[in-house]
Every structure is written in C-alpha cells, then in structure tokens.
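Below: the structure, in structure tokens.
Note that the chains are named A, B and C in the order they appear, and that numbering of residues resets to 1 at the start of each chain.
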Amino acid sequence: MTTQRTSGRRKQALAAVAAVTALLTTAACGGGDSDGNGGSKNGAAGFDAANNKIAQASAAKKGGTLKFGGAQDADSWDTTRGYYGFMWNFSRYYSRQLVTNKAEPGKAGAEVTPDLATDVAKVTDDGKTYTYTLRDGVTWEDGKPITSKDIKYGIERVWAQDVLSGGPVYLKDVLDPKGEYKGPYKDKSADKLGLKAIETPDDKTIVFKLPKANSDFEEMLALTSASPVRQDKDTKSKYGLHPFSSGPYKFQSYSPGKDLTLVRNTEWKQSSDPVRKAYPDKITVKFFSNANDLDQRLISGDLDLDINQTGMSPQGRTTALKQHKANLDNPVSGYVRYAVFPQSVKPFDNEHCRKAVIYGADHVSLQTARGGPVAGGDIGTNMLPPSVPGAEGQAYDPYELNGANKSGNAAKAKEELKACGQPNGFKTTIAVRNNKPVEVATAQSLQASLKKVGITVDIDQYDGSQTSGIIGSPENVKKKGYGIIIMGWGPDFPSVQGFGLPLWDGSYILESGNNNFALIDDKTINGLFDQYVTTLDDSGKTKIATEINHKVMEGGYYLPFVFEKFINWRSSNLANVYTSDGYSGMYDFVNLGLKSTN
Amino acid sequence: MLAYLIRRLFAAAVMLVVIVMVVFCIFFLVPKWAGVDIATSFVGKQADPAAVEAVRQKLGLGDPIYAQVWEFFKGIFVGRTYSGGGDVTQCSAPCFGYSFRSEQAVWPVLTDRFPVTLGLALGAAVLWLILGVAAGVLSALKRGSFWDRGAMVVALAGVSLPIYFTGMLSLAIFVFGLKLFDGQYVPLEESFTGWFGGMILPWITLAFLYAAMYARITRATMLEILGEDYIRTARAKGLKEQTVIGKHAMRSTMTPILTMLGMDLGALIGGAILTETTFSLPGLGQAVLNGIKTQDLPIILGVTLITSVAVLVANLVVDVLYAVIDPRVRLS
Amino acid sequence: MTELSKSGAAVGEPTGTSPAPSSFLEVRDLKVHFPTDDGLVKSVDGLSFKLEKGKTLGIVGESGSGKSVTSLGIMGLHTAGQYGKRKAQISGEIWLDGTELLSADPDEVRKLRGRQMSMIFQDPLSALHPYYTIGQQIVEAYRTHHDVDKKAAKRRAVEMLERVGIPQPDKRVDSYPHEFSGGMRQRAMIAMSLVNNPELLIADEPTTALDVTVQAQILDLIRDLQKEFGSAVVVITHDLGVVAELADDILVMYGGRCVERGPAEKVFYEPRHPYTWGLLGSMPRLDREQQDRLIPVKGSPPSLINVPSGCAFNPRCPYADIPKDDLTRTVRPELTEVGSQHWAACHMSQEQRERIWTEEIAPKL
C-alpha cells in the first residue's frame, strides 16, 4: 500500500519534471527550426548520415579540441582491465595493438587490419602458430621503440587477474588453458617474460603458440587487452590512472569520475600508423552526474559527442528527434535484449513451458517498453546480433515473433502449457535489475501478457549493482526461484564465440559470475563451439555460427526482445564520422575530426 | 568551559567510532547476511575466482569485523599497505581507505572534492541567510499584507519543490535557454569568475530551498518575539522603531536561526547530493553517488565519515555558539 | 488600620470639554477599541481623569477592566510597532504637560517616552531583554535621551542601581536579568524607568509578580522615589492594598469605564458604588480576623464586545433591582458627584447607597 503510493507519487513528480523540462527545452531551443533528414543549414550531416557510412569525411581539419561528455567513467583506462565497449573504442587514442579493427564504417569495421604489425598473422601449424613482424618506427611516448617484448609483457598482464581484475581473459584461456603461468608479478624469471606460449626471438618478431587452435585468435589480439605495456612504466593496479601511450595521444590529466584530457603524443609518427588519422590536437572528456544536463550540452554544442555511446536519455532524445534530427544516428548497437529461463527453476526444465512464455509474450509491447522501434530497436527474433557473422537478423524467426505471433499467441501458448503438463498455467518470478527502468518496464509488459495465458509472475527488482552476485550464482537463482531473468548481452568481438560462448557453452556454467543463465549444457552446442574454434575459413565459421544460433533458439532457452538500437548524437562540428560494427554500432572515435578548429 | 569542550570532543570521538562500526556493518556485514559475496563487487564482469580471493585477502575482508575496523582506524594515523598478487599499494596517513574501483586513496579524493562542497555550502548559506532572513523579517513586519502572503507562497514552493526540479528548471532557463551562464564547474584556483559563474546557479537553487525554510522560521520567530514584553519595554524606553526591530528583536530572532544554520551547514558539508548531481559539481555528494553506483565502498565510507565529523563539529560549534549568544545558557 | 494619604489630587470635571489643560496629566474621554474577528473590543470606553505632579493616582479594577490598556494608551504603545495587526482605534485627548499626545507627531511622542513619561511593568523577567545586561539596558535608556558617552551613562546606571537599593551596584550592573532575584529585577526595572527623571511614572501591577515581603519594599521604594523626584505616578493594580499604600486618588474601573473616583480615604471609607464595595469586600486585610468573611464579587467580568446594556455591572449587582423602571438594565448611569471631589456612577440614590454601605456592607468588613 505504502510503496504503491510512494511510487505513484514519485512517478507523478518525475512526470511533472519531464513535462516541464520538455516544455522549457522546447521553448529554449527556439523551436520550429527543425533539421530535416537531409542535412541542415548548421552543417549537421543528416539523420543516419553516419550510420554505417562516413559522414563529411573531407570536412575534417587538423587541430582543435574534440570534446567528449559522459555520464559514466570507464571501468579502468588500463588496457588490461577495461571492459566497457567505449573504453576499448577510446583506448585506440593512446594504445596500439598488433592488429586492430579496420577504421571503416559498418561491417568492415569489424574486420582486423595490421596496426603495429606489418601484416596480419602468418598462421601455420594448423592454426596453432601465429607469427607477426613489427613495423619500423613504432614508438612509445618517450620515443623509445615498441618491441615484441613490450607486447608480450602487455599480454602477460592478463594473467595477473588478482591485481588487474576486470578485463576480458580470452587470451589467457586460449594461450594457457590450464593456468600454468602465474602472471608477470609472480614471474620468477629475470625479464618477467615467462609465458611459454609467446616467443620473442627478436625485438621485431613475436610468435604465438596456441595449445589448441582458435579461429578467433586474431580477433582476440585486436582487443585492447592485447596492447603493449612497457615493464618499467607498469604501475600495476594504478596503471589505469596514467597509461603509457603507444598511440597518437597521451594522458595529460585524469581525475576519475571528473575529467580526462589527452594531448598529442609528439613521438607518434603518422607514417608508422596506417589506421589512425589523429585529427584533433586535444581530446577532453568531462563526466556529468546529470544525464539530462549532458544531453542538453550536446544539443547546445558545448560537447561533440557522448563517450558512453549508449543513446540519449528519453528527454534529450525527444527534443533532439524533434528539432535536431540531422545530428542523430540510429545504429544497431550489437546488443540483444532478452529474457532467459534458468532450467534449474521448475517448470522451466521443460522446454514446452519455456516456449509457452515465448508464445504468450506480446512482442510489440516488449519493443515499446524498450523504447519503440527507433530508440528501442527492431523486434528480436533470434539470439545472434545482426553485426555478428552468421547472423540472419529478422529473416530467421522460428517463433514468428515479428510475424503472426507479434502480439502474442495465447492459443499456441496454452498448447505448449498442456504439452508441459501445466494446462492451467503456473507461477514464477521475474528477476530484473532495479537500476534499469527500461528493463523493469519490459518485466511489467511480460507480466501483463503472461497473465492472459494463466502464467502468474512476481517481479523481483534486485539491486542492479550486485548483478553478478545475485543472478551470477546459479545456486542463488534456484533458491530465489527466478524462472525468468531479464538481461542483455553484446559481443566482446564480433563472432559467435565473442558473443555466445559465455552464454551457451556448457563449460561456461560457473558457480559465481555465471553468464550461462539458462544453464545450457547441450552436447550439440558444445560440439559446435569446439568445431568453430578449429575452423579457419570464414565461410565455415559463418555456417557454424548460424547453426549454433538455430540450436539455441530451438531449445527455447531465450525470449529475445529486441535487436537493440540507439539514438546517438554527433555535433554539427564533427567530421569523418561513422559507426562501426567493430565497436557495436558506436562511432569510431579514433578518426573523428573537427570541421572548425577554434 | 574547557572541561566541557574536552568532554564533548571525547563524546564526539566515541560517536565517530560507533558510526564507523555501524557503517562497516552496513557495507560489509549486511551483504554477507544477504548471501552476497562483496569481494565479487570489487572485481569485474568475468569474476575470476583467483581475483575474488586476491581482493578478499588484500582488503582483509576475511578478517573478523573488529579487526577490519581496527585496521581502518590504525590506517588513519599510521597509513596502510595493501598487498596482494605481487602488487603493493601504499596508502599513507591519514589513510581513510583505498578505492580499488578507481585505484585512489580515499583521503585525496575527499580533500580534492571537499572545497567544491564547502564552496557550494558556504556560498548558498550566505545567500539564503540574507534572502531568507530579510524576507522573513519583512513578512513578519507586514503580516497579512500582499507581500507577506506572496513571500510565504514562494517560501512554501521553495520548501516543497525538490532540488532536481528547481535545478533542472534553472539550468533549462538560464544555461540552455537564456545562455546567461555556462553552468559548468571551474575550480576556484583556475579562475575566480569562471568558478563564480559555475557556482551561481547551484547557489541560487540550493539557497532557494533553504531561504524558504529560513524565511518561514524567521517570520514565525520574529512574530513571536514582537509579542514579547521586552520589546514593549524597548519601545517604552523611547527607542526608535528601527532600533527596537534591528537590535532587540533581531538579537532574539537570530538565536534559533544560527542554531539551524550550524546544523544545516554541517549536513551540507557531507555533500549536497542532489544539487551536485543536478549541476554535475565534482563535490563530495557526487563522489558518494558515484560510489553507490559503482559499489565503491571505501569512498562511501569516507564520505560518510566526513559527513559525521561535519555534523558532530557543527553540533559542538552550535552549542558553544549558543552559550555565547544566549547568556542564560551555561555550558556544563 | 491603614493610614491613607491626604487627598490633594485635583480631580477635574468628569466630562470636561475645556481645551486648555490646567493639570499636568489630563485624560479626556479616552476610548481604546480593538477590532477583532468577533467584533469590536471596547477595552476603554470613555475615560477621563486628571493628575498633578507629585501626586499618585491608583487605577483599580479586575483584569480586563481596561487598566493596562489605559496605561499603554497614555504611553502611546498601542500605535507604535503594531505591525500588520488591525490597528487599535483610539480617540479622546491625552494632555501631558500641555501637549496633546494622540494628535502629536508619533516621533515626538517617542521622544517623550522614557524621558518625560516612563513605565514599570508587571513581570520584570519578561520585560527585560534576556540577552543584554542590566547595565546595557539602563545605559541604552539613558543614552536614547541624553547625548553622553557610554562611560558616563554607565556611571549613571550604577548610581541609579544604588539608589534603588541594589547591593554592589558596580558589579551587578554587568549582570544579566536572569541572574537577579525577582525583587532585584523589579528594582532594576525601576532604576531603568527613573534614569531620565521622568515627570510621569506609570507602574503597571508593579508588585504582582513578587512575593509579599518584597512587595512592601518595592512599594516603599516607589513612594520614596516619588517624593524625591516629585513625579506624578499612576499605579495600576487589581490590589486595593497597593493603592492604599500609595495613592492620593483612586479610580475604579469596570468594563472599560470609570465607576467611582475620588480621594483615597473617600473611596475607602465612603465608597458609593456597589462594585467598589465588592472590591473592598474581597480585599484581604491583615488587620482583620474575618478572613473567612472575605466576600468575593460574584460572577465574571463583562464581555467587552457585548457590554451589558444599562449599568455594565448590573448582572453582578445584588442591588440592581432597587432603582425603579428597570433603570439599571436600560440606561447607562453617568458619574455624579457624591461628595467633595468624589464621583460615582450608580442609579441608586445617594441615600440608598449610604444606607446600604453603613448598614449592610461596612460592618462586615
């Protein structure tokens, strides 16, 4: 009773705030002068002009200050520790890798291209040996050359998870699956380069010897966590406060949660770098605690773009869509938003009960709860994000979620319930993060439509900051009876392995920090993943990816909501702007330029 | 007086220890009872069991609570050394803990952010004292007039409207609409005018809320005082009306106002979370909010401590001040 | 038996209309009305009296009879600082040493306050500012009207404190009111009132808040000071004992009007109004044994909004039915002279009243 009243009042207050702010911003922005889809007087490139294509490439000038704003700081700027997508994107300003994502829009952005290396890997020994040669003239910010040993040391840091926690550990799992190496900080050898899987015969050559082939290995080397780190500059856990630069920019100042300033690394040579254009002289990032304030500053032109790249807040979005559409892009984020059914919670051990939920849900209503077709995304019909090779997008729709069953199919759901032995429906609980209003809204939508088919659900809004502790523990999930968990997932790198392995592979069911919420341990799927890592040709990999996706969907473990889309802002002053699949539909930061440099 | 002060300071110290223990329990024990391993909240997305264990050792999370509290207090005086996994982190005295989220000692974060909050609180206090007291006195003297009713309606609005509302409203009007201010925080040491320009809206917004409260209290107190016999005596002595109001009545009216001011300032020093969030001011309030968002327990603990110290000190100052203002009060 | 001071106060015509004041203080047809939500409160409704320097007038009556309102009216404190409240309506004339106060410039009246006329209040604890020392408050009173430096003013304050009998005045001058006993506070209050040698001193219930032994000391002090300074004094009290000590003339108020007025011994020994009889009957007398025969005035004070028609006292008067034609309830009695300088407002005939007093009332007292 009390909670209902308070939440009602809070809603009212929020609604009032939203209404007034919308009113004021509308009035404040002078109104009327809305930019059409095809560009505008003020120089904005037009709606979706940078979505998977380059907008205003030739307008980019050398110099100026590129201004980022953000609501959230990176988890860490340490190349080994960062895991946020925007951090990986941004880190290209100050760190280089052997190979990196192509600085090109759309799908091409997800392909790897040589960076510190002269060429992509020479793969031998049935995909178990990768050899690279380093370019000439690649240097650190103090002018010293970057050597193969620096790269090895940088990669070895991934092993020091006890000190440098937080980042992806793919390289560790692939190069040292048994965990024999204890990391450079516990390394007894004099040069701290004790990892056997990497050899550095000379300063220019680096050889990776994989115990078992992995066809995505080069994708993993393109991750930020494969950046070189120089041993004498390694400040261990504090490295993220001031990483030593190998890229075109270096840290000038950083105050966590407040601001970050990068300036040109004068030792970096354009000739040594085929990827980075390094247009601006200076890059600043300012963090805001008020997302609405941030959006207003983007719209007013104080800032060029949002470093978080997670879309504008609802109010800012509304204003921007109405009046500044030419400054917006509406890319696919690479994220799939979904509900997942832990098989440990009855009756979700029965696939018919899972399918009853899939059919019973109203997918249009779920899409609306996510923000609608523009801000939320297209109705999700399967689990593989469209940016991942092997994905078919909405073309693969086994449950006709974007077709006949768009608004839910009660008859079909009841059929499945009967098949499951629960003809009168059942009771279960939805677990949803309390700090994601949109997810709570989807839970409520699901609750409403399931009620119609006789499935009664309680919604448990748990502490969102404790996500990994609460739903990452299968034991806890079972104890709490979370039959439905609402989550989202994006690829670490664009492949079925980079997206689906932690979610769908039986060996990834963990006691804590688990992401295989459905507890899928399917021989066929496990086998397909095994097969995938040893398949070296792209067409073969794509085929397997498609197959895995089908198997997952057929099992009915997931109810996809949307293939997520964002509304992202680019200032009228930005040039050479494009979204990249390599960074989940974000703008590729590293080659952004400014039209006017004062 | 001295004995009183010593006794009060001692009591304050005991209070602080209790507060630290309570906060410790809230942050470290309650999650434990709820079955959440807090060590996992210190490591990232892919929780490596070795990393969790290392964090547990490094932070001493496995130790009994009294040992953890003891380590914390010891750290304040002699500093602490966190070591684990071949990495040694020094946190020199006064060490109020170490944030493994942002890899910073808590104390420098607090000292870095404290001036922002202090500037916000003091600037707003000056504004609201002037505005609130003036409005309250005028209202009392013109009781029932159009001015009085108008001022009290505005005051009611000020008291009831939340900061995030008035703050966003003022941002929308003055920064994005009229473009009168830049509205971004600039440190005082960089530029006074920049700092002033960035602080003026937060000051006004915060002062609006408090001025409203102070106006109401001033009005009520003033009306009560004006009915006192000694005010009649003052008039019977032939004093000019401005002396009667400005000296005799104000002196009594200021007593509760100053008490309130002390307490309010104390509480604000702990961070005006809403104001700092709305205006993106890098003060203690924002730090604690970020801390809550990112589960950065040491920062939350540090700010909580600072707040407690500020409130306790404010209490003490108010009590001493009270004795100075009101001769009837004896400190004992 | 209490010795009364000799009658000498010049008591003027009850309905004097001559504009030229011959007396030091002359109040003519004073009316003080307060508009309230419930109606017009007629606290004082047509009061006249005169007072000469060196003489003392006692105004006696129950609470709500209009005594204090009269004193504040003379001081001009109904108009000063009445913020936003509905203003008191005051009419009539108040002549002080040749100046008519009600029509005078408020700032002129302010300058007279504290200097030419000053006031002692009932409760010195609440009437003194708690945050200032006694000395500061006396100094302020002095310096408001005298252009002297603080040192000189403080010397004056010490002198006054000594004069009113405060021991160690040079030390106590720096004490705060709460550090004084009740009697000492009232002495300090008196010192403050007299610091400017006022010609008119109004004492509003000066001893009510004090205990009995201190009361006598304070009354003695007021009497001594009056002799010394030669001021005119108005003592306002509900206690006839107090006026018996001090007053030359007595004015009895009931329901905002004067019901009897005359030299003190006349009012005490030949009272000609039933209300005065009642007051005398309810007065505790140390020189009589019959405390048990204390006769209170029955009933409660009249409403000042709907004052009873006719004689305001009629609902409580045991003799209301004596006058013919229901006169007491229909016609308001005017003050008539019942003896030398002695007036009373009653419908009963002189003879009837004389008879009742001598036969029924006096023997019981």
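The rule we apply is simple: a residue touches a chain if its C-beta (ideal position, glycine included) is under 8 Å from a C-beta of that chain, and two chains touch if they have at least 3 such contacts.
What you see is a predicted model; the values in this text were computed from it and never measured.
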Distance-to-centre winner among chains (Cα means, whole assembly as reference): B
Selected pair, greater C-beta contact count between A-B and B-C: A-B
Most distant chain from chain A, judged by the mean position of its C-alpha atoms: C
Computed distance of Cα centres, chain C from chain A, in Å: 90
Chain B-chain C separation of Cα centroids, rounded to whole Å: 56
Chain A and chain B: spacing of chain centres that average the CA atoms, whole Å: 38
Partner chain A, residues of chain B touching it in the complex: 31, 35-38, 40-55, 84-87, 89, 100, 102-104, 112, 162, 164-165, 168-169, 171-173, 175-177, 179, 183-184, 276-280, 282, 286-287, 289-290, 292-295
Of chain C, residues touching chain B in the complex: 75, 77, 80-81, 83-85, 110-115, 118-119, 121, 123, 126-133, 140-141, 144-145, 176, 178, 192
Touching residues (chain side chain A, partner chain B) in the complex: 13, 16-17, 20-21, 24-25, 27-29, 72-73, 75-76, 81, 83, 160-163, 165-169, 183, 185-186, 236-238, 240-241, 255-258, 286-290, 292-294, 296, 299-300, 302, 465-466, 468-470, 472, 476, 502, 510, 512-513
In the complex, chain B residues that touch chain C: 140-145, 148, 226, 228-241, 244-245, 248, 251-252, 325-328
